[in-house]
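Two complexes follow with chain A in common, the first pairing it with chain B and the second with chain C.
Then we have the complex of A and B:
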C-alpha cells in the first residue's frame, strides 16, 4: 500500500489532467460556454507541463524540481509497469503542448457546435491522459489499455458532427480499422507472453536473450504487434484510414489526429522495440543490438520506405487540402521511422527534434485550412478544396506568408525546422549504412515538392475564382487567430535557426 | 487437455474473426468478428498463464480484455447507430462517400 502511495507521487501530470477533466465536467453541468471550458482546461494542461519537471525526493518527503531532464532520473513504478524517464517526460511535454492548439482551434470552429463543446474539450483531455500513460508504458497490459483509451476517445471525436454523414463515415472507418489493429496487436501480445512468460518489456528482453535464430511464432507475434503500432502512426499497410478520417472529421479534430496520437504512437513503438526486442550494447553507450527476430530493423526500414513513397505518390493527385495533408502525414511517418531503424541515440534525438518541428508545422498548416474554411459559407468538406486557396495571399497576406512557411518546412527548405529535421534523420541513416533508404527518402522529397508547390502557386500566383463566395475581398482574422499563426510559424523558424542547440538538448532524453 | 488444444482453438477463433472482418459487409457482423479476435487473444492468455507461466498475469490480462471489449462494443455500437441514422444502412459498402 505504501509503495502504491509512493508511486502515485510520480504521476503528478496525469493526476493534474484527471482533476482538470473532472472540474470541466462539473462546471459543464451548469454552464455551456466554450470559452469557460477552455479557460479551465488550458491552465490544467499547462500545469501538467510544469509538473513533468517535478519528481518526489528519494525518501518521499519533498519534491525535486529541475528543467534539466537528465537530473530527474528515471523510475519504474506500479510494479515495473510504468516508466517515468526522460523519454516519457519529453513526449509528455510535447503531447500536452501540442494538444493545447486543437483545443483552441475548436473554439471558433463552426464544425464544433457550441452545445457539444463540453464533450469536445473533455474527449481531448481524456485522450491525452491515455497518451501520457502510453508514452511511459513498459508492460504489455499498460500498452494495451492506454492504447485502447486513446482509440476509444478518438473514434468519438472523429464522428463528432452527429448529423453529418461524412463525419459518421469517418468515425466508422476509424473504428473498424482501429478495432482490427488492436485485435491483431493483442493476439501478437498473447503469443509473445506465451513465448517469454512475462508481460514486462524488460523481462521479455531478458528471456529473448536466450533464444537464438528466428522462431516463426516469435516473428509472427512481432509482426502482429507492429501492426497495432503501425495503425497508430499510419504506416503502410495500415494507413488507409488516414485520408478518409481526416477528411470526414471536423478540421480541428483532424489537426489533433495528425499530430498528437502520432507522437504518442512513435514513443510507444520505439520504447517497445528498444526495450523488449533489443538490448543496450555493453561497451558502446547509446547503441542497441537486436535480439531474437534479428531481422526486424530491416523490415521496419522497408515499411519506412513504403510509407513515405505511398504517402507522397497518393498526395500528388489530391485536390482537397485535408486529404493532401493526410497523405503528407503518412509520408512524414515514413521519414520519422528512418531515425529509429539505426538503433542509435542520435537517431532517437533526431526523431524527437523532428516530432517537435512536425507538431508546429502540421498544426499550423491545418490551422490555415481551418481559417479558410471558416470564411466559407457552407460547412462541407469541399471548402478545403484547393480552389478556395486561390489568391489567398492577396486576400490575407498574413495567412499566405505563414502558410508558405509551413509548406516550406513540410518540404524541407532551409532555414526552416523541417529542413534540419530531415537533415538529421538522413544523416544518421547514412552514417549507419542505410544508403538505399536515404536515396528513397531524397526522391520522395523531390516528389513532395510538386504537391506542396501546387498549393503555393494557387495562393500566390492565381486569381480567386470569380463568382464564388471566396472571391470576396480581403478577409480579416481575429486577434487570437493571427497570434496563433504567428506563434506557430515563429516556432518553425526558431527550431530551424537554433537546430543544433535543440538537438543537443534532446540528446539527454534517451532512456 | 494440453496447451496445444487451447492454442488451436484460439488460432481458429482468430482466423474466423479475421475472415468476418474482411469478408462481411454488415457492420454488426464485423464487430462480432472483432469480438472473436479479442476472445482468441484472451483464451491464449489464460492458456499460457495456466501451462507455461508461474504467475497469474495472463489471467489478469484476460479480465482486462473482457472489460475493454465491452467498452469498445459500447462505443462501436453507438457509432454504428449514428451511421445508420444518417445513411439508413449498416452496410459498409454504403460508407463510400469519402473519396477524392
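Then we have the complex of A and C:
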C-alpha cells in the first residue's frame, strides 16, 4: 500500500488533470457557459505543465523542482508498468500545451454548440489524460488500455455534430478503423506475450536477447503491433481514415486530432520499439542496437518513405483545405519517422524538436481555416473549399501573413522552424547512411511546395469569388483570434531563429 | 562611429528589416508618410555602403568588415558577414537600385503598405546574399529574397502575373536544389522564367530582377563554385566546356530573341519593348559567363565590372520602358514613332542607355565588354578563341536590334496616338540621372571600380588549379 501511495506522487500532472475534469463536470451541472469551462480547464492544464517539472525526492519527504529535465531522473512506477522519464515528461509538456489551443478554438466555433460545450471540454481533458499515461506506458497492457482511452474519446469528438451526416460518418469510420487497428495490435501483443512470457517492455527485451535469427511468429507479432501504432500516427497503409475524419469532424476537433494524438502516438511507438525490440549499445552512449527480429528499422524506413509520398501526392489534388491539411499531416508523419529509424538519441531529439514546431504550424494553419469558416454562411465542409480563401489576404492582411508563415514552415522554407526541423531530421538520417530516404524526402518537399503554394496563390493573387464569405468588405478578427494567430506564427519563427536553444534543451530527451 | 564601422554590414543588411517593423506601425491611410519613410530607410544602407566604399582597403584580398557570431552551433551554423572586392560592387549596386526603385514606385496605390514592406524585406534578402559568407546563412537570405519577389510579382504585376510568379518560384526552388546557380544567370535553357517574369512584373520589380537578381547567379558561381569546387568548375570550363558554350549560346540566343521582338507581330509573342530588354539582359549576362570562364585577369575583371554595369544600364532601360508605359499603357514597339521631336529629353536619356547597352566607347558597357573579349581572346584554355569569336557576334546583333528599335520608336513620322506624350517628369529624372551619370563616369574612368575588385579577383584566379 505504501508503495502505491509513493508511486502516486509521481503522477501529479495526471492527478491535476483528473481533478480539473471533475470540477468541470460539477460546475457543468449548474452552468453552461463555454468561457467558464475554459476558464476552469485552462489553469488546470497549465498547472499540469508545471507539475511535470516536479518529482518527489528519494526518501519521499519533500519535492524536487527543476526546469532541466535531466536533473529529474527517471522512475518506473506501479510495478514497472509506467515510466516517468524525460521522454515521457517532454511529451506530456507538448501534449498539454498543444491541447490548450483546440480548447480555445472551440470557444467561438459554430460547430460546437453552447449546449454541448461541457462535453467538448471534458472529452478533450479526458483524452489528454489518456495520452499522458500512453507516453509513459512501458507495459503492453497499459499501452493498450491508455490507447483505447484516447481512441474512445476521439470517436465521440469526431462525431460531435450529431445532426451532421459527415460528422457522423467521420465518427463511425474512425471507430471501425480504430477497432480494427486495436484488435490487430492486441493480437500482436498476445503473440508477443506468448513468445516471451512477459507484458513488460523491459522484460520482453531481456527475453529477446536470447533469441537469434528471425522467428516468423515474432516478426508477425511485431508487424501487427506496428499496425496499431501506424493507425495512431496515420502511417501508410493505415492512413485512409485521416482525410475523412478530419473533413467531417468539427474543425477545432480536426486541429486537435492532427496534432495531439499524433504526438502521443509517436511517443509510444518509439518507446515500444526502442525498449522492447532494441537494447542500448554498451560502448556508445545514445545509440541502440536492434534485437530479433532485427530487420524492422529498414521496413519502418520504407513505411516512412511511402507515408510521405502518399500523403504529398494525394494532397496535390485536394480542393478542400481540411482534407489537404489531413494529407499534409500524413506526409509529416512520414518525415518524422525518419528520425526514428536511425536508432540514435540525436534522431529522437530531432523528432521532439520537429513535433514542437509541427504543433505550432499545424494548429496555426487549422486556426486560419477555423477563422474563415466562422464567417461563412454555408454548411461546414464546404467552407474549407480553397475558393473561399481567394483574395483573403487583401481582406485581412493579418490572416494572409500568418497563413503564409505557417505554410512556409510546413514546406520548410528558412528561417522558419519547419525548415530547421526538416534540416535536423535530414541531417540525422544522412549521417546514418539513409541516403535514399533523404532523397525521397527532398523530392517530397518539392512536391509539397506545389499544393501549399496553391493556397498562397488563392489567398494572395486571386480575386474573391462573389457570394463567398470574404466578398464582404471587411474581414475583422476578434482580439483573441488575432492574439492566438500572432502567438502561433511568432512561435514558428522563434523556433527557427533560436533553434540552438531548443535543440540543446531537447538533446537530453532520452529514456 | 567605431561601433558602426564594426557592425556596418549588419546595419546595412538589417536596417531595411527594422524598417519593415516601423512601416507596420504607420496607419494604412497615411500613404505619403509610408513612402517617405521607406525612402529614408532605404537611403541609410546606401549611405552606409558609401562609407563602406571609402573605408575599403584595396590593397588586400582578405575578407573585410567581417562579423562572426555562432548562431546554431549544433549544426555548425554561423552568422558570418563580410565583403571583398567581389561583393562590394554588388552591395553598392543593390543599395543604389533600391533607392531608385522606391522613387520609381511612387505611383503605386493599391496595397502600398504591403508593397513597401515586401520591398524592404527583399532588400534585406539581396544584401544578405551578397554579404553572407556562411553557406547556410547564404541560403536563408536567398529564401528571404525569393519569397518577397514571388509576392511582388504575383500581387502587383500584370494580367498573367500569377503564372509568372508561380513559374519563377517553382523553377527557382527546383533548380536551387538540383542544378545550382545556372538558373539565376539565367543560363539557357533555364532562362524561360525571365522574359515572362519581367513582362508581368511592375517596373520597379523588373529593375530589381534584372539589375540585382540576375547577378546572384554569377555571383554564386564566383563566390561558391570557384573557391569550393575549383576542380569541378575547371572540368566544366575546360574538359567538358559546358559553361563557356552556355555563355556563348546565351549571348547569341538572347540577341536573336530580342531581334525577333522587333520582327515578329504581337500575335506571335513579339512586338513587346519590355520583352526586348529582358532578352537583351540574357544576352548581356552571357558576356559575364564568358568572361568568368576565360580564367584570365582581364576577362574576370570585365565579367565582374559587366555585372555592375549591366545592373545600372538595364535598370535605366526598364525605368525608361516604365516611363513610356505609364503614358501609353502599352509597350508595342510599332505603336510608337517619331517621339524624338515630341520628347527630346526622354530621347536623350534613352540614347545614353541604348548606346551604353550596345557597347559604345565612352560609356560603361564598352569597358566591361572590351575587357571580357580581350581577356577571353588571350585565354590559354583550349578552344577559347572559338568561343570568343562566336561571342563577338553578339556585339553586332546587339547593336542591330538596339538601333533598329531606337529608330522605330523615335524617328519617322509622329503617330497620332503619341501626340499627348509629355516629357519625363522631375521624379523620373531623379531616378534616371544618377544611373546615367554612373554610366558615363565609369565609361570614361573605370578605375574606381576596377581598383576595388583587383586583389580579390586575382586571388580568386590563383585558387584555380
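Quick note on the criterion: the second predicted complex is superposed on the first by the 508 of 511 C-alpha atoms of A that agree within 3 Å, B and C clash if a C-alpha of one lies under 4 Å from a C-alpha of the other, contacts with A are read in each partner's own complex, and residues count from 1 in each chain.
By our rule, a contact is a pair of C-beta atoms (placed from the backbone, for glycine too) under 8 Å apart; a residue touches a chain by one contact, two chains touch by 3 or more.
Being a predicted model, the structure only gives us computed values, none of them experimental.
Of the two partner chains, chain C is the only one that A:499 touches; chain B does not reach it.
Shared-chain residue A:78: touches no atom of chain B or chain C. Within the superposed three-chain model, A:462 lies in touch with chain C and out of touch with chain B [touch as defined at top]. Applying the stated contact rule after C-alpha superposition, one finds that A:198 touches chain B and leaves chain C untouched.
Residue contacts after overlaying the shared chain place A:415 against chain C, while chain B stays out of touching range. Once chain A of one complex is fitted onto chain A of the other, the partner contacts of A:423 are limited to chain C, with no touch recorded for chain B.
Of the two partner chains, chain C is the only one that A:446 touches; chain B does not reach it.
In the superposed model, A:53 makes contact with neither chain B nor chain C. Touched residues of chain A were counted for both chain B and chain C, and B has more of them. Contact with neither chain B nor chain C is seen for A:299 once the two complexes are overlaid on the shared chain. Once both structures are placed on chain A, no chain A residue is touched by chain B and, in the other complex, by chain C.
Those residues of chain A that touch chain C in the complex are listed here as 394, 397, 408, 413-415, 420, 423-424, 427, 442, 446, 449-450, 453, 457, 460-462, 499-500, 503-504, 507. Only residues 71-75, 111, 114, 139-140, 143-144, 147, 151, 154-155, 161-162, 165-166, 169-170, 173-174, 177 of chain C touch chain A when the two sit together in their complex.
Considering their complex, residues 7, 10, 14, 17-18, 21, 27, 30-31, 34, 37-38, 40-42, 44-45, 47-49, 52-55, 57-58, 60-61, 64-65, 68, 71-72, 75-76, 78-80, 82-83, 86-87, 92, 95, 97-98, 100 of chain B touch chain A.
Those residues of chain A lying in contact with chain B across their complex are 140-141, 144-145, 148, 152, 155-156, 159, 162-166, 168-173, 175-176, 179-180, 182-184, 186-187, 189-191, 193-194, 197-199, 243-244, 247-248, 317-320, 323.
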